[in-house]
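Across the two complexes that follow, subunit A remains constant while its partner is subunit B and subsequently subunit C.
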Partner chain A sequence: MTATIISNLPVFVVIAPLFVAFVLSTFARRIRLVESLVIAVLALGVLGAGYLASLVLMQNGIPITYSMGGWPAPWGIELVAGSLSAFFLLLVSGVSLPVALFTVANMTHEVGGSVRTTRFYVLYLLLAGALAGMAVTNDLFNVFVLVEVATLSCCGLVSACKHPRAAEAAFNYLILATLGSALILGGIGFLYIITGHLNMGFASMELCRIWQDYPHVVWIAGGFLLVGFGVKSALFPLHVWLPDAHSTAPSPASAILSGLAVKGYMICFIKVLYNVFGATLIQEFALDRILSLLGMVAIIAGSLFAVAQDELKRRLAFSTVAQVGYVFLGLGQVNVCSLTGTLFHIASHAVIKSGLFLAAGAIIAATGKTRISEMAGIGGRMPITMAAFTIGSLGMVGIPLFSGFIGKWHLLSGSLTAGSTLAPLVIVIGSVLAAAYLFPIIRTAYFEQAQATDGQDPGAPQRIALILLAAGVVILGVAPGPFLELASRAAVELLAIK
Partner chain B sequence: MRDFILKRVAALLLPFIQMYGLYVIFHGHVSPGGSFAGGIVVGLAFIAFATIYGLERGRAKMPERITTLTESYGTLWYGIMGMVGIIKGAPFLANKLAGIDLGTLGTLSSGGLISLIGLGVGIRVASTMITLFFTMMEEES
Partner chain C sequence: MKTLLDKLIINYPYFAAVILFLIGAFTVLTRSNLFKKLIGINIMESAIFLMFIAAGNIRGGAVPILCQSNPEALYINPVPSALMLTGIVVSVSVTAFALALIIRLYQSYGTTDARRIAEMKREVT
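Now for the complex of A and B:
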């Protein structure tokens, strides 16, 4: 029994949340049972991901491959749990559990009715399953399918509230995301035409052999994939859907969307870019320069937009646009140090931003205030919430001993190694701007005279969720140990593919 | 009295349309079509019933509670069929490796679990078609 579960773990981490998602609608009237099922399956996901990660770490870089239906690649669909997969699986399970905990006994009044709340949880688990699938898949077409599942779940989550602004944001997101999906499918199609493989490993080998015969097709495929995944992961000029969608969604949905969903698309992009194109082709086709340029623009522009916002959730949403920039900047510096930093930054931003959005959601739920200028003195009335917010902010700015520092440090030293002069400067300026848009919130909350006296810390599950995420920020910053190890091994493996 | 011919013909044809849909679902691996196309045919029979006999009677045949459940459990059925492989000690979605007898080539049984998996997809597609139709019709009225 145990041996069966362990040998099928790569597929179980994907299908377990999906199975539970499809059962949930039966219990739509019993919301307590629905909540406990969701928490239980996500907790099992943490165990499974932890076990897979320890297996991968012990095996010294030999990935666990799993052939669906027993058909070996290139005929069958292959799941591969290597360092990158284990890293992202740990992240997905580790963030989706606290965010789900935050929703316990809290969603019904925000979403309205137990049936609608159950639908919210169904979409939540579908998203969790799709993200876990993105972590382990090694098949280009599966990437597209999982991207679609995640996108449609996200649209549903954005419009979970009965709110006209939410419906408009979800519709905008749907249109742009569908465009992105079409481009991704086009890119994958072009790769399939010239390589004849959908398995990433085989496609990469074939591409390596024949790319000189089809330089234009490779250009088109790369361009389609860049724009497609750029729309999905809100890369700067293509980010227009994100601020509306992430600021009007219910707060736990914003947390999971900004924290994890955007990261899932990035992991897919990293896989397609480094596992299929490979480092040589990225440099040959100047994708590295394009990526780092776009990343730098995104960091500066996203941060400046964030400074200008007065609405708390919109400021956090624009901050996500800026942090996406770091990831693309890191992807453009093709060296181990930068890629380690990129992956670690993905993880630290996921933990930080979901914590920040949850804290913002707790503040808005308790006081009804959405603007930062109205939040004077909130720190005294909601100590735990604001403490979690402060720890998250310090991590986001990149203060040493908090998780953001390690990712940014690796990015900085990686870009210095790459000989770039502009990139380190932009990284530092981005951190200063992050301080400029996050620290005023903390100052308002703690040091300004309170006009109102309402608001108190949320209930026990919500407090536990906030404390878990804040603890995650500190733990990743003080003792990144196995997490950093997985990230750096993943970076080495990604660059080993020629 | 006005729609006498329409209603009589529909009453005669709809059962056969549904049977044909199920045939297409189950024979996906040996003949053209498949579970998706067959599911759409089954769903269309319900949609035709609702357009001919009126939305209320159509809704009574397939209430929202039922379509929600069939949508969920149709998909779950696919997963359960995938688990057969794991229970038999083979990978997820295994067919022959799970010890299923594949019968004679070209017959219904030659697909092993495929026609049963297709049933899940068909149920799911049919109920999604019905849900889509009623959502759009109820929005309009």
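Now for the complex of A and C:
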């Protein structure tokens, strides 16, 4: 019995949200029922991911493999739950549950009507399922399909409000994201043409043997994948869709988009980069230098843009652009310490940014104000919301004892080990700029004289969601234990493939 | 020179795919009409589909159905065609969703020109 559960766990965590999404779209009518189903399946996801992570930790690096339809690896599609997968699954389920909790009894007025709210939840579960699939997939074409499922549900979530601005942002996002997925599909096509495999392990072995015969094709495949995933995960010059999309979406959707969706594409990129190309080829084709350069530019540019914004959600959206830069910078330093830092930064940013967006959403819903300059004295009127926002900001800047610090510390020492002089400097400047765009909000909220007296903390489920995410920031910072262990094991495994 | 030309002629599907891809990308990035952008996306995706299917084709290959009388026959690779079936489904759903968004944009702005929409948005704010 237990053996059956364990061997089916990798596929279960993907199928469960997709199945419930289907049930919701066809059968469910009453909004209470819909909400409780969503919460139930996401809580089940947390249990499954936690169990899987504990198994992976106990088994010392032997992944749990599931062959779809019973066909073994080179012919069939394989799902592999290793350290990286367990890490990202834990993150996806751990963040999507509080964000869903925030939407309880809160979405109907924002998206308009209970039918539209049900559709919102359908898209939300499709996104959660696709992200879980990205964590466990070991097949190149599956990566493309899951990326497309995630993209379409993201665009749907952006356009969930009836506002015409949302439709415009969603359209621009859709066009650029489809351009990106065409490039990703092209890159996968080139890899398939020269290796003859779609399974990542087999493609990697074959690529290792023959890359010297087709250097140009490898270059083109790498370039296509870099630009494709760069568009998807909003790498700096390709980020143009992100600020509009993430600031016009309903706040819980912004939280999940900025916190998790962008990370899903990064995990796919990490898998393709390190599991298929492998560390040797990354260095041989100078991808490491290109990635760290792009990352540094993104950190500085994204932070500067963020400082210039007055609209709260736009500032947070540009901050995501900057934090994406850290991930690409870390991917460019090919060593265990940096990769651990990169993975941990992905996790801490996911928790922090979803918390910040939810707090921003609560403020905007309670006061109707979207600009930071209008939020004077809000800290006194919405204590729990602003406390969560403050904890998130401290984590984002990277103060010790908050989650952001550990990721940045590993990134910093990793880039120092790699012998780079510019990268550590940029990491520190990025932190200072993060303080420059987040602390003024806190100052305005707590220390400026209030003119208005409206606004109060949101309802109980929303408060629980905010407290959970803020607690996550502190727990990841004080006792990162098993999470850091999973991240460092994943980093070692990623670098083991030559 | 002759060998390069020969290579191009032998690999004409890939050559066509590159040209289609460039046409599509150019259309998406330079046109401001939303419909033309969408058509550009479709052309780009078709280029990728063409590349995949050309990669699966083997000249003179038989239909990939296992046949007892002649097990050694040369078959074309069915995997890329099957993959592109999925790709086409994805592309159709993207197109449908984008058309729905265009309808909503037309209802609220009265135009399908991205530049006009951006101007109107700026006037509002």
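Criterion: the second predicted complex is superposed on the first by the 492 of 498 C-alpha atoms of A that agree within 3 Å, B and C clash if a C-alpha of one lies under 4 Å from a C-alpha of the other, contacts with A are read in each partner's own complex, and residues count from 1 in each chain.
We adopt the following convention: a residue touches a chain if its C-beta (ideal position, glycine included) is under 8 Å from a C-beta of that chain, and two chains touch if they have at least 3 such contacts.
As the structure is a computational prediction, the values presented were derived from the model and not from experiment.
Once chain A of one complex is fitted onto chain A of the other, the partner contacts of A:22 are limited to subunit B, with no touch recorded for subunit C.
The larger set of touched subunit A residues comes from C, when the choice is between subunit B and subunit C. By the touch criterion defined above, A:167 reaches subunit C but does not reach subunit B. In the superposition on chain A, A:69 makes contact with subunit B only, while subunit C stays out of contact range.
Of the two partner chains, subunit B is the only one that A:11 touches; subunit C does not reach it. Once the two complexes are overlaid on the shared chain, A:155 sits against subunit C while remaining clear of subunit B. Overlap of the subunit B and subunit C contact sets on subunit A: empty, with no shared residue. Only residues 141, 144-145, 148, 152, 155-156, 159, 164-165, 167-168, 170-171, 174-175, 178-179, 181-182, 185-186, 189, 192-193, 198 of subunit A touch subunit C when the two sit together in their complex. Those residues of subunit C whose C-beta lies close enough to touch subunit A in the complex are 21, 24-25, 28, 34, 37-38, 41, 44-45, 48, 51-52, 55, 79-80, 83, 86-87, 90, 93-94, 97-98, 101-102, 104-105, 108-109, 117, 121. Taken together, the subunit A residues at the contact with subunit B in this complex read 4, 8, 11, 15, 18-19, 22-26, 28, 66-70. Contact residues of subunit B toward subunit A in the complex are 68-69, 71-73, 75-76, 79, 82, 85-86, 89-95, 97.
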